[in-house]
Amino acid sequence: MTAAKAILNDTTRCTGCEKCVSACKRENGLAKDLPRRWKLRIDDLSSTRFTTIQRREDGRPVRRMCLHCLEPACVSACIVGALQKRPDGPVIYDGDRCMGCRYCMMACPFGIPRYEWEQPVPYVRKCILCYHRLDQGKLPACVEACPEKATIFGDRDQLLAEAERRIRDQPARYRNTVFGRDEVGGTSVLYVSDLDLGFLSWKPDLEAQALPDLTWAALGKVPTIVLTMGGLMTGAWWLIGRRNKLAAEAAAAKEQETAAPAVKPKTGEKS
Amino acid sequence: MTRRLTALKTVLWLLAGVLGLLTVVRFLRGLGATTALTDTAPWGFWIAFDVMSGVALAAGGFVVAATVYIFGRERYRAFARPAILTAFLGYAAVAVGLLYDLGLPWHILNPVAHPQHHSVLFEVAMCVMLYLTVLFLEFSPVILEHPRLQRPLLVRIHHALKKVTIPLVIAGIVLSTLHQSSLGSLFLIAPYRLHPLWYSPYIWVLFFTSAVALGLAMVISESFFSAWLFGHKPRRELLANLGRAASFVLLLYVALRLGDLAARGQLARALEPTGHAALFWLELGVSALLPALLLQLPRVRSASGGLFGSAALIVFGMIGYRFDVCIVAFARPEDMPYFPSWMEIAVSVGIVAAAMIVFVFFVEHLRVYPPERLPSDPCAERAGTVNSRLSTLDAPPGPETVRPLLVGPAAAPRRYSLALVLGASLAVALLPATALFGEQVQRTPVAAPRMLDVLRLPASGRPAALVLPGDLELRTAGLGPRPALLAASRPERRGSVAEGDPGLPGGHTQGEPVRALLLDADRDGRTVLFAHDAHVERAGGETSCGRCHHQNLPFDRASSCGSCHADMFLVSDTFRHQRHVERLGGNASCTGCHDGAEGAKTRAKARACDDCHRDMVVADSVVAPRAGGLDGHAVGYMDAVHGLCVSCHEREVAARPGELPDTLADCGTCHGREDPGRLRRQGPYLPHSARRAQGLSTLDPRPSTRGPRAAPGPYRVGARPAE
Amino acid sequence: MAQPSGKYSYYVESRAGDVSDRPRKFLEAFAAVLEHSSYGIALDAYARVGAKCSRCAASCQLYEATGDPEDIPCLRSELLLRVYRRYFTYGGMLRARLFADFSLTDEYLDRMGEQFYRCTACRRCKLTCPFGVDHGLVTHLARYLLAEVGVIPKALVVSVREQLSGVGNTSAIPPAALRDTCEFLQDELKETYGVDVKFPIDVEGAEHVFFPAVSDYLLEPDTLMGNAAVMHVTGGSWTIGTGNFDGINYGLFYSDRMMERICKRVGAEVRRLKGRKVLVGECGHATRSAWLLPNFLGADAPPVVAFLQYTYRALAAGKLPLKREKIPERLTYHDPCNLARAGKITEEPREILKAISADFVEMTPNRTENYCCGGGGGTVSIDEIRAFRTKKMGKRKADQIRATGAKLVVAPCANCKKQLKEVCEDNGLEDVRIVGLHDLVLKCIDFGSTGGRHAE
Amino acid sequence: MQAWLEWARGPAFVFSFVFLLLGLLRHVALTAWEVAHVWRRAGDKKLPLGKLLRTTFLWLLPLTRLRNRFWFGLTSFVFHIAILVVPVFLAGHVALWARGLGLSWPAVPNAVADVLTLVAVVTAVLLLAQRVFSRATRSLSRFQDYALLPLIAVPFATGFLMMHPGSNPFDYQATFFVHVMSANLIFVLTPLTKLSHMVLMPSTQLVAELAWHWPVDSGSAVGRALGKEGDPV
């Protein structure tokens, strides 16, 4: 198996030229961005834009894309396994399996998956880390297109080391953290930046716990519940049925003593 | 009684008609056209109501089944059939509702083919699927009782089903327990989006407890409703017992909910004066606290109104709980709120209506209610005996009191089909343009043109010019009266006609006052004086009116100019249409670039740029016009310049490796490596709503990026032969 | 006990209990009829699409004679359709709530009672209605409903009563008298033509069971003899049943309930005699009622043969030997509405007449568009309206006959014959003779030396 | 006015048009259903289908039946041609159809449309006049018989004015509004009034014939329902 790959984004190097965006569009055959009701900004992530340059207040460009979590919430949420995490990094999507429930979009802590709302037959769209290019030994289109080397591709371990080296070398230029190292269990897209990158997720300061674990804490109890509930109900039915039967028999016996016709109770049977 | 039922059924069919039409639209036009859903609100009304609430509302089935079959409370047997039927139809409605919500509904069975058992949704789906089957089997004896189904095979199935009643009931209870709670577990994966007052690792316990209470409340309200509908007496004392049970469950639920908050240390958050805290208390109060306390009072329990009211509170409150979790307390950007479109609501209501039609159908044809509880046979309406119909003639004799009758086989279809047709027609009339004609690119919002007084300068031998008094002459040349174009509107001059205004150009001292239309379609301050006469003349005289005025295009909110001049508002970086118009002599120049005097002046009919700009692409030009660009527009300024510089840089670096620095072709080389923000020439295009939200209202003059208008100077046209 | 009601131009038997609350009873009957018959489908269409173009007015001989708008078929039908709309459609119910719409009153019923018995249900207007509104059907239904509230001309109800609960036929002929009559007719034939023509009675297994208008036994012996002679020379297998030998069905004129009972008696008689076909004598409405038999008896009802058809087939097959000399007088043919209007029997009698007549002229118009004799719809038996029948309804017919100049009018229908005789009397056409078709056929049959019996 | 016009052309039009289509479809469906029902119950299943088809077809060609009331029939025929051709084949309307439905078809020349429009208005007036001045029709006519003719003339008259704004003395938008709204009104009324003959016409002959085909024992069933079973004749 190939080693886990990753992308490292250095926001201090990004000039916002959007070459990554057009490369991505070309590579994935995405259509023109049109103003739509469901887009706050036309350059927001959308079904026609897998990566974008998000500009902070002071105009600082930050590239936004799927972070390809190591333990992706979307993959664990997907009911049909249309979303899969490949060992080498990309979180990929299979439209043939997708049933369009959009639970992945609810689950993603970064708000990445987008939907083709304009289509009668819509699919989920998101960055797939150009896995088809990876398979051919090529770089992801955006990485290849970046004229500034603000986004680079490589083994995750090496990139982490590179990120730490940069932070060490130029402490004034960077914040002392690699975004994506631990967040929600780690991601395959890493950032070094002088900015606080909390805006990339729904809430700043993500914890290190992987989200699928939260679900599994409850989901793991299912067998217990089945057995407990089933047992309880069967037991209750048997006990109560028996008690009613005994009571009825006693009553019948009593009634027989008084020479009245006995009526057999019918419990547990549908009328 | 019959009239009440008929009236209700008519309304239900009307709603079904709405549903029918919306079904067509939903599947023809997609989710974007019919719902208010967005990427930040992927789950909306349909999930919250149809699925989350629908499943919970159908909880009466398993609660009553447990009471009767497991706990042997025979007194409640009368509630079993309607409750199971309600549950069955409720779950069927959930399944149908899901078909509307799913993007690819024909993949609805994929969870069976491609199970992903780490997904809570998978568990919910499996449970709902199985439980729907169980409910069908539980209910099917009622169908198989029907006298017309007494065939040997069916009778054998009937007996077999009766034998497995208890296993079925137990399976139903287990499945219900699982998925009622799992609906809560769905949200475990979104700790960063669901508000802490609702998010809890034990949310599934809360969902289950509330579902039990809701199930009891549903049995109560359903009993009262059907009693009202079919005219029998509700069994109030039994229902009161159910109410008491519901109250205890609710108290348990409140304790769990508050205890959970306390354990997570979030209780203080509920006491902060925030909107979410208020919502929390409102929801908890309506759904649990208030009804629980009310139902503890024997006086409330023993009164029909009190019992029904409390049950209704629970029902609405618990639906509210589901909505809060699914929509209201689920984080999304403040400037992108979600409110369901009327179509979403109407589809949900329509599905409920359809389920109720089926419910009434079952009640009318099967023994859903014990016969002794129906004072008159509701099947009589369809039994075909005229005498029962004639019972509507029970008024005292006399022609005035003869009440209308509807008989014949077609009477019922006639009534309900009319309701259906009416519903569908109303629905289509209310559809937004997107749903009718598909999602379309937002077009420039248009304001109606204003009529104002202008001066027409007398001209002998040459076409007249329209002039705003005091303004510059708007250039006319060549072909006839032209609409004049203004660079910026001058509000202070509008409407003032000053004879002999010294500002008149061309040595004129007076003009003929005429009225003209001032078009400023998007109120951006750049206006056009619309010369109506010129258009009439050019478009072919009087009968041509239809070409513009008869573009009675429903829902066309864009400029009527734009429907011919289709590209007049397109944004492009390099090609400045406005500037070309100014340089080339106002609107007279239209035909200079666009083919033909008549017809639409679209890009499709325009000359290519290099038709005039001959030096733009010389033989060895480094400009590489992007062939078939992704958006098909004119090459943007950035692309054009980048094409000029960057391609050369890249070529040179490649041609002379080592001689030139590797970074020569990097952006930072030209744009300054240390200040990437400088690159931001101009904000990207924003839709108008967003622009307004940011205080850049389109009703204000657009902040000009063009600077003051340059005086029209000679424009050198490359190799174009001089005229 | 019969008494002139005074409300109507004809006598009505008023029965106790039916007099009060008639609108309500009318509507009840309406509801029941709509439920159990098929009129609803037509009423619904008519109530919706009536064009009110008055084309029917131009085709109605009654309106032409009286000029009274009340007699326009469309307006007459509207009397019933208005009730239908008001009480049996949602639009009508809504309108009744919003506006003070009309309501059904006793006076209204009286008006209907008068109007619907002025119409002879000849259905000539249906041909010119752009929407094919069958005003005859509306008249039929309206009379049915009126009958349920007791508005029936006494003459009609008496006939039916005689048939259903009396002797068993409208002319009250007991079976013994029937046998006598038949023997007499046999003798008559023997005497006149020297042939031994049989009137087979109660022969089981005969192919045809014969149902003439029973009045023929009393009034039209020539027609019957003609019938028998045709059967004789063609060797047809036929019989007259003593259980029921009456083709008349006045139920057709006022009540489906009665019609059903009478038709069932016909069916029972055919079954009793193990006959295969119903052979109807020269009678329009009897033929039409017989054609309606499947409505009452279902798909296995016996097929119906009109005598005209039988004779024509025999003629066409060459089984009917005719004398060389033809009838010299100028004669014309009257198409009974019930036979001709739907285009069912128009050519057969003409072919026969051409074979036996030297001077046959057509009336104009003729065939499906022929005018009614004026006594259709059973009104011919209501003697108290004779003046109306002959002077108003029959005026057009009298003009027609006069225009042909014929002295002999062939009318293969008992009712038409009676009506036409009266029309001629009252319109100064005393020299015109009205005869049945088989009267003439009888005269022309060549019995020959073999006694007429065809070689088999 | 602009907003009202938008409303009339937008939601109001869509409502009326869909109501027209679905309402007529409902008539067709109900008729088919009833025909099937009557047919199923009928004791006599023999129908002269060929003859019915011929009669129906002949009546769909109104020219074949001009005999009585010749002028009335002729006017009515011309009127129908005009009111069918103009709304569907007017160039402006074709543009609308193309825009709304995405379907396009050849249009009649505007001059022809003008003539037909005038013909429609004139024949509507003539029909009304004939109705008023003929005694028979006058006594037959209901409110809708009088009201529908001028109502149908209104969109034609206003449409003509819109096509010739130079000779239109009224406000253009007001004319437009009246044009659209009167057409909307006609659309809504069509399924509810005698205008529904546009779809019921082909079935009237069949229906008239079928009405004579009753279920077996219908008479006794009526008697039973009315409690008159044992009553003497």
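The letters A, B, C and D name the chains in turn, as written, and every chain counts its residues from 1.
Basically, a residue touches a chain if its C-beta (ideal position, glycine included) is under 8 Å from a C-beta of that chain, and two chains touch if they have at least 3 such contacts.
Just so we're clear, the structure is a prediction, and the values are computed from it rather than from any experiment.
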Count the touching C-beta pairs: is B-D or A-B ahead? A-B
In angstrom, rounded to a whole number, how far apart do the mean CA points of subunit A and subunit C lie? 86
Between subunit B and subunit D, tell me the centre distance in angstrom, where each centre is the average of that chain's C-alpha atoms. 37
If you average the CA atoms of subunit A and of subunit B, how many Å lie between those two points? 25
Distance-wise, how many Å sit between the C-alpha centres of subunit B and subunit C, to the nearest whole number? 68
Which residue numbers or ranges of subunit C touch two or more of the other chains? 28, 32, 35-36, 40-41, 44
Quick one: which residues in subunit B touch 2 or more of the other chains? 386, 390, 409-410, 414, 418
For subunit D, what residues touch not just one other chain but two or more? 34, 225-226
Complete list of chain pairs which touch one another: A-B, B-C, B-D, C-D
Which residues of subunit C touch subunit D in the complex? 28-29, 32-33, 35-45, 48-55, 57-59, 63, 69, 72, 74-75, 78, 91, 126, 128, 130-134, 137, 148, 157, 160-161, 164-165, 255-261, 292, 294-299, 301, 343
Contacting residues of subunit A [partner subunit B, same complex]: 12-17, 22, 25-26, 30-43, 45-46, 55, 58-61, 73, 76-82, 97-103, 105-107, 109, 111, 113-123, 147-149, 201-203, 206, 211-212, 214-219, 222, 225-226, 229-230, 233-234, 236-237, 240-241, 243-244, 267-271
If you look only at subunit B, which of its residues touch subunit A in the complex? 27-33, 37-40, 42-43, 66, 69-72, 74, 77, 101-105, 107-108, 110-111, 113-116, 118-123, 125, 141, 162, 165-166, 169-170, 173-174, 177-178, 181-182, 185-186, 188-193, 201, 204, 330-331, 333, 335-336, 434, 439, 441-442, 630-632, 646, 665-668, 671, 676-677, 679-680, 684-687, 690
Can you list the subunit D residues touching subunit C in their complex? 31, 34-35, 38, 41-46, 51, 55-56, 59, 62, 65, 67-69, 72-73, 76, 134-137, 139-142, 145, 192, 194, 196-197, 200-201, 203-205, 207-208, 210-223, 225-226, 228, 232-233
Can you list the subunit C residues touching subunit B in their complex? 20-21, 23-24, 27-28, 31-32, 34-36, 40-41, 44, 86-90, 92-93, 96, 103-106
